[in-house]
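Chain IDs A, B and C follow the sequence of writing; residue 1 opens each chain.
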């Protein structure tokens, strides 16, 4: 489904991604982790073309992301993405947040889009909040709306960039629960996250990045039981202490 | 102090014979309002366009927009006015220039003033719009693009509606400025409020009353605009948004 | 098509330079007086003594409601008249330069005071508390702790306001005082080359103000990184 081949990216002289290669098969859940600044966000943004890269190739469902002829908007409309800071549109009601792209991008009619939006809100447990504005919801609620907003586009796969790291601890689980459910339904997911509990429960594979390189790319069992690199050892030791 | 206060001077028939001195004031008041509102329309439209262009990824477009802003910001308003009024008609193709010079003097003065104030203010509006867009979290643009909007759609549905809400308070002060700045147009003979004030000083022997009345008229405009803009601000407030209160 | 003739400009340069001196004189005097008076107004506005705070608020709001042209006209047409009557200044004394400086300074002080007030408020309350905790009184805390920090943050804004003021000095045109712009338009009229003169004046203002604002921007960047 997602195929990343030898991707290199740099800002001026600064190399952010070096020879990154990995694949996410249909129905697979891949967790990407690594220290801060290692290039995780950059890599995941390359997947839907939010960040350009200088060499290598990425294809999503057979479509080449780096190709100038690719209609990126069309591609992105069926690749869902969830951000660290939710990024709901603050001037629109929750219902509108869910329907706007359905109508303007997919061309669905408004009534249909609203029904679909409400169904998804119901699914993330927030139907009663449809008329509110994003600023009136808690962080965890906003992130669930953001997931629903992405799902409303009927995505073929989902990208998550640290969806829980801006949340207070007591709200993390409500978001992880929604993600777990999605994974169990067979959604293809690429998640940047430091939630190792989630990774252990849900992921099929773990990709570990350091200094712009993919250092480990293994089944979750192999990664957690016997990480091969020293860096991954240290990282796990640090993160599992908590 | 041996000054004879006489507020009834405004009820006296004016020196030109038509109407009273109060009518002079009303005429000036109307001109100030008409000029400021038409110039404001130009400033909003052009300013929004230029402000958006300053934030687009295309280097050429954003460069042109930046140059536009710098030119209109770094030349005094009075000098710009003289350039519009005295210089531009000379530089236009001869026929167009002559047509302008032969038109009604009021039309000449009003057109020059309107374009001058409109473009001068548009540069300021553009700066506010740009900083409004730039103050939005960077993730908003990505969120718009990620959901499948094209760049123009992202501007239209995500960035601009929010930026315009953020920009209303600073625009209020630009809107107030345009009324105040319109007084500069008295220098090319446009008979707006300040110019009528000067005429009243010359024609009546009551300088204090004349100037107090004109100054109060400006204060009234100021207060009215502020009250109106408060309403607009309340209207566009985003529920739950910090800074939107 | 218009035929340009720039030949009258070199001869006019000495007059223009003299005019520029007048413009600068007005600007510098108004900036200095304006900042001092503006600082006082800002402190009054923030003071807990209500009448002082009301006075400052009234002053600032009134001046900000009135066009600068109107303020200048008051100072050129009405104030001299008043002075003649009240203080017995001889009729016809040329007070235009003094009037201009007074008008600009009092007007700009209203704007400066708002900048300074915001600057003072941006210094956290904790700083004032910390200074008091060290045993400083109000004036010491203000002078030694709050104002230095406030001014550091405000310098770019104050300088930008100074550039605006420099542009606004051209408005002394309403009193026919021979500043840079007044001289340019007079000489242009005299020589029948108003178009060239006005373009030249515009270019001079642009070069000066643009360079000054670039310098301010540069300084602002350094402040941020420092």
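Basically, a contact is a pair of C-beta atoms (placed from the backbone, for glycine too) under 8 Å apart; a residue touches a chain by one contact, two chains touch by 3 or more.
In this text the structure is predicted, and so the values were computed from the model without any measurement.
Undergrad: By count of C-beta pairs in contact, what is the leading chain pair?
TA: Max contact pairs: B-C.
Undergrad: By CA centroid distance, what chain is farthest from chain C?
TA: It is A whose centre lies farthest from that of chain C.
Undergrad: Can you work out the whole-Å distance between the CA centroids of chain B and chain C?
TA: The separation of the two C-alpha centroids amounts to 21 Å.
Undergrad: On a C-alpha centroid basis, what's the spacing between chain A and chain B, in Å?
TA: 47
Undergrad: Between chain A and chain C, tell me the centre distance in angstrom, where each centre is the average of that chain's C-alpha atoms.
TA: Roughly 54 Å, centre to centre.
Undergrad: In the complex of these two chains, what residues of chain B are touching chain A?
TA: Per the touch definition, chain B meets chain A at residues 137, 139-140, 142-150, 153, 157-158, 161-162, 165, 238-242, 244.
Undergrad: Over in the complex, which chain C residues touch chain B? Could you list them?
TA: Residues in contact with chain B: 1-2, 62, 64-70, 73-74, 77-78, 81, 85-86, 163, 167-168, 170-171, 173-174, 181, 185, 194-195, 198-199, 201-202, 205-206, 209-210, 213.
Undergrad: Show which residues of chain B lie in contact with chain C when the two form their complex.
TA: 1-3, 70-71, 73-80, 82-83, 86-87, 90-91, 93-94, 176, 179-184, 186-187, 194, 197-198, 201, 207-208, 211, 214-215, 218-219, 222-223
Undergrad: Given the complex with chain B, which residues does chain A contribute to the contact?
TA: Those in contact with chain B are residues 45, 48, 50, 72-74, 76-79, 81, 83-85, 87-91, 100-101, 104-106, 132-137, 149-150, 153.
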